[in-house]
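In the two complexes below, chain A is the common chain; its partner is chain B in one and chain C in the other.
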Partner chain A sequence: MTNFLQLLFNGLGIGAIYALVSLGFVLLIRAASVVNFGQGEFSMLGAYLLVIFFNIFGINYYLGMALSVVIMAGFGVIFAYTTYWPLRFRGGLPVIISTIGASIFLENMVLVLYGPSSVAIDGLFESDGFEIGGVFLATQYLAIIVIATILVVFQYLVFEKTLLGKKLQATSQDKEMASLLGIPVVFMILITFAYSSAMGGLAGMLVAPLLFVSVNMAGIIALKAFAANIIGGYGSIPGAILGGLALGVIETMGASYISVPYKDAFAFAMLLAFLMVRPQGMFGEKISEKA
Partner chain B sequence: MILTRRAALVTAAVTPFAIGRARAADTLKIGVIAPLTGVVAEPGRIQLNSLRLAAAKINAAGGVMGKPVELLVEDDASSNPGAVLAFSRLAQNQDIVGFIGSIRSTVMNAMAPDMLKLGKPVMFGGTDPTLTHQGNPWLFRCRPNDSYSARVIADFCVNSLKLKKVALVHSTDAFGTGGKNALLPNLAKMGVEPVLVQGYANNQPDFTPVVQAVKQSGADVLTSYFTNEPDCAIFARQLRQLGVRTPWVGSPSVQSPVTRGLAKNALYGTYAVADFVEDSNPQALSFANDYRAAHKESPDSGWTYDGLMILTKAITDAKSTDPTKIRAAILAIKKYAGTEGEYNFDANGDGLHGYNIVVNNNDKIEYKQHIEFTD
Partner chain C sequence: MQGLSINPWRGVPQTAIAAIIVVGVAMLAPAQGYYLNILMQASTYAIAVVGLVVVLGYCGQISIAQAAFFGIGAYGVALGTVDYGMNFFVAMLIAVVFAGVCGLILGLGSLRLGGHYLAMISISFQQILTLVLTNWIPFTHGPDGVRNIPRPRFFGISLEGGNAFLALCLVVMVLVALFAWRLKATKLGRAMQAVRDNDLAAATSGIDVFGTKVIAFGISAVLGAIGGGLFAGGFGYISPDQFSFAESIVLLTMALLGGVQSPFGALIGTMLLVILPETLRFLKQVYLAVYGAAVILIMVFLADGLWGFVDERLRKRARPIAGAVPRLPLLDQTGTDSDDKILVVDKLAKHFGGLKAVDEVSLAVRRGSVHALIGPNGSGKTTFINVVTGLYVATGGTISFAGRDITKLSPHERNRGGLARTFQNIRVFRGLTVLENVMIGAERQGNDVADSPDRVLARALAALEFVDMRGDAHRMIGELSYGHQRYVEIARALAGSPDVLLLDEPAAGLNMTEKVALGELLKRLKGHGLTILIVDHDMKLVEQVADHITVLNFGKRIADGTPGMVLSHPDVIAAYLGEPRNEAA
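Coming up: the complex of A and B.
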């Protein structure tokens, strides 16, 4: 039983990471109809900023995180102007390809500027964790679960209960109509990119103490976060969080009880199963519902 | 002699190429396939620094057959397709007389068929034993293969630590699988049946299932073949967090500077087999001092340095750049004192036949013993 609970906790922990990154995908899908394959690189850049502030300049850890989030928000605006804006009338595919290109560029830029070495960084708490009933609860995983929950509630409230959220969704659905209604479309899109980039950066800072900071730190996580987004329901906020958690738990349990080497395969088998049986995902496809 | 205008034009057009070719032939060209980008770019950087140090030393001593050594480097991007592409680019250059290959067995396996077709000597560091046992006469290994690391790990666990309930964790790539396939028969010879043999795929963010499997196996000693250092570090930390205190005897990645920098105290007290240990022989110490003076950091390996030294020594011995003659000269090398140990090439192309055991004593790597095999 202890073994099961340990696997469940760590599965939820890794699932919360997928959920956190997945939220970044969802935001851009809902507000700008953009699938951003540079989302993983946002996480990588956020983690490197924290390394620069905390490891190199010795700035207070939490202040370093706050500064990194602000810088990442600014970076999101630059990303939008360079990757999305010139292609905004060309449909979804050119923008997707553009984000893939941007992710390759960002990876290599960091490689040139910082080098290939992985870097260790401290966690949010001094203690690695504590034990309850034989189950080790890692503090960083706990923090990720709590922060992911707060962010999902915040994001849900913004989209569903505020005028800003309605404007963002209106922009996503029909930019021309939104503009005719007096919604500042450009500003809405820039806000979305800024928030998505800041949140991606925050996700990177939270996972950095667990996975170390490296150019490739977010590659597989971003892929699984995207899979979580499909499993939960394309563009659905509750879907992103539940899809992420389900993916984390199932791959951990599958690895432990069936086969460790096929751990990644469980995640993608789950994705395939959903695409065949319930392509709209757990919570339904937010985008198709709107159409 | 009357030079017509047409002949003058032809001469003028051809002369720069002729000079270019003459210049190209003025150096002894060695092709290098190294991971300069991607997940293993960090060891790639150290390997390249070591090669440049060796080339500088050779050139300062007058070069090889009167020619300075020139390294032509291609990035394998830490991937098999990248390596195949890198090698094919270099293979087109007919002036290259030999190659420095990869430390990664999976990459070497990918390039090996093209290396066989080209037919020029390749010095490499991958430790999958099958690489020198698959009928490719052009591969020469400058690190001890995993059959030796496996023998040393088995010997150390059973005879030195007196522990027989062995768990084995290995990557499922060519290196990890090769290590597993080498360790199991060696344990069997000592009458040991492992209580756990657990493979994993590279680049995992979480090792909880593997750690729990080790914990539940009841093993009293853990052995491992990790390919990527971050994987090894994440596993080490989770192992300690989940309360596993079992002695750990691993492949070289357990004591590499990169892994120790990431895992920190989670690796204290662990043992590892190590091909390169600074204080294990005078050549290693001298190389490490030169490396530190040039790069302000310690090297974690000397195989590329040895590889270039041996390749150029063989060319000097053969007095020729003919591949067949170089091959014969490499195989004739015996009792060559390199940084990784004493090289005695066997008919398969393996230069080294033993390993060191080291222990991580509060982040200081201490040399414990060297185990050499003559059979």
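Coming up: the complex of A and C.
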């Protein structure tokens, strides 16, 4: 039982990371119908920025994080202008491929500038964690869960309770109509890219102390986060969160009870099962094209 | 008609010459080392990239797992020959069949899913395969890979030497390219492109959309595995990292760079991306970064790849096909309005959540008549047509066509039974020429000419002649005006010799002259006794051609009868002109 609870806690911790990255995906899907295969590189860049600020310049950890988040937001805008903007009228596939290109570019630029060796970085807190009833609660995991919860609540409040949120929703539902109503659609899409990039970067910083910072630290996380997004229901915000958590827990349990080498396979097997049986996911709606 | 036969040997002489040249090149290449390896890599990769041309270029389905199929081929050959002592070609055959089955299964995922879902399915497959290759050590040798893979003998000819084996790879590459090039102009190839350009129009033109996608995936997987099997023989050593997700991306980029619409583009793209990094070795460190940037630049500036330029030039040189063709069989008939009810719709309902878009509507279309379905905007006319043609599943009621209950049939089955349609917003296949668009209609299964490519061609030209568009047959359909595209859409339906033609607002978006011409066209069709169910707003057009009118409002039938009767019906007048509001005091 203790072992089970321990796995559940760890699974939720890693699941919260998937949920955060998955949220980044969902926002872009909703705002701009963009499936961003470079989402993982946002996390990787965020983690490297923190390494630069904290490990190299010795800036305060929390200040370093804040600076990195701001830089990542700016980076999201650049990303939007280079990979999405020129292709926005050409349908989904060209943008997918261009974001794949962007991810190859970013990974290898970092590789050239920083080399292949991975870097360790401190966690948010001095203490590694504490034990309650035989379950070891790692502080970094706790922090991830808490921050993810705060972000989800924040995002909910912004989307549902503010005018900016309403405008963002209008943009995601019908760009043409939103534009006719005087909503600056381009600005809204850029905001979404900035936010998505900043949140992805933050997820990378949070997971960095657990994984080491390396060029390909985030590729697999992003793929799983995207899987979580489909399992939860494509483009659904609650789906992204629950899909991410479920994936984290199942994968952790699967690794422990079934097979460690195939840990990464559980996510993809679960995804394939969902796609074959219930492609709309847990919270998705069936959408059919109008003739 | 003799002048119009399609040459069955098209491309074969060129291929033979190409094969002789590549064998010569292979034999003259330096026997050892560097150049041999580069050519070996390029030719085996190119085979796999041609697979991507079929699935992505022709059929428009994204697959990011080509390296996985390449790996299945390579591991099949490696494990079969090294661990199980099989003949090279037997091992390859097993691997190719296995890959083909995996491809078909991946294709099954396209049943309800497209785009990003499909990308994700293929990525998942790719990742799982990599994990299995790395971790199932007793079977796959794990991360160390497989060494000392032997090369085969072929009917007594030793292919064990580097040059001879390279010759084999190059010949297979040439044959695969010929296959893919010819495929594009076959019924299956056209069906794939139709699915890519417009799946709804493909389905209502008699194409089994799902089956076509599955076959495309299967072909692509098979080509991937053939390339992989030869790769294993060529290099003698393989390991899991050669078949990773990153390699799938490399193969995808090769296809896109060269031009995903053409196998020649695939060859060019592959050669470039194999040779370029070798010649740019000084860039080695940033090579992959440059490569990633190149992917974006290709997407932005070279939508059709390098071959796209060539293709555009070639297309500009195309000329209309000359030669007389037998006219449409329809034109030999004369109109007979009968009492035979060919299409009977009984209490048909379609609900979207709580909205009753079509609410228990019944109507019967008599053979040889023109039946009009009219009603204000949002009255459910288009939904009705969509349910009748199978694009929407009926919530209730039955549809019977020529005495057969078709309520449960899929759109392509209904079309094959003789039900053709056009769309309110024109749906044509934009990547194809005018002629190819109409040929897709002519080759619907069940049409009298469907079995003979020559007669399909002649029938398509006849249909274009009928709508006076034959002179544009060789042009890309996107170059035509909206009104002309409408005619091509009608010609596509007519080429399939339908028993009933459903026209969904054919006058929508046409200017006055075009509307008059359309009216004349409809009168000619009516004169030859084609059964038509037409939906339109244009009362002038409807009055001119209709024998019978059904009126819908808010999803319900409010009137049904002869034009004179229906158009003077008070409910119809109220629906169109509005009624006095009683509640207003």
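List of remarks:
The rule is short, and it goes like this: the second predicted complex is superposed on the first by the 283 of 291 C-alpha atoms of A that agree within 3 Å, B and C clash if a C-alpha of one lies under 4 Å from a C-alpha of the other, contacts with A are read in each partner's own complex, and residues count from 1 in each chain.
Heads up, the rule we're going with is that contacts are C-beta pairs under 8 Å (C-beta built on N, C-alpha and C of every residue); 3 or more make two chains touch, one makes a residue touch a chain.
These numbers were taken from a predicted model, which means no experiment stands behind them.
With the C-alpha superposition on chain A as described, chain C and chain B clash in the combined arrangement.
In the superposed pair of complexes, A:Pro94 makes contact with chain C only, with no contact to chain B. Of the two partner chains placed by the overlay, only chain B lies in contact with A:Ala255; chain C stays clear of it. Looking at the shared chain after the overlay, A:Asn3 reaches chain B, while chain C stays out of its contact range. Looking at the shared chain after the overlay, A:Ile14 reaches chain B, while chain C stays out of its contact range. By the document's definition of touching, of the two partners only chain C reaches A:Pro279; chain B does not.
With both structures placed on the common chain, the touch criterion links A:Gly182 to neither chain B nor chain C.
In the overlay built on the shared chain, the residue A:Ala120 is in contact with chain B alone; chain C does not reach it. By the touch criterion stated above, A:Asp264 is placed in contact with chain B and with chain C alike.
With both structures placed on the common chain, the touch criterion links A:Thr83 to chain C but leaves chain B unconnected.
108, 111, 261-262, 264 are the residues of chain A that lie in the contact sets of both chain B and chain C, per the superposition on chain A.
Against chain C, the residues of chain A that register as touching in their complex are 35, 37, 82-83, 86-87, 90, 92-94, 96-98, 100-109, 111-112, 223, 226-227, 230, 234, 261-262, 264-265, 268-269, 271-272, 275-276, 279, 288-289, 291. By the touch criterion stated above, chain C contacts chain A in their complex at residues 60, 62, 108-109, 112-113, 115-117, 119-121, 123-125, 127-128, 131-132, 134-135, 200, 249, 252-253, 256, 285-289, 291-296, 298-300, 303, 382, 385-386, 391-392, 423-424, 427, 504. Listed in rising order, the residues of chain A touching chain B in the complex are 3, 6-7, 10-11, 13-14, 17, 108, 111, 115-118, 120, 128-129, 131, 136, 138, 207, 210-212, 214, 216, 219-221, 252, 255-256, 260-264.
Against chain A, in their complex, chain B makes its touches with residues 37-39, 41-42, 44-45, 172, 198-201, 203-206, 208-210, 212-213, 215-216, 229-230, 233-234, 237, 241-243, 258, 261-262, 264.
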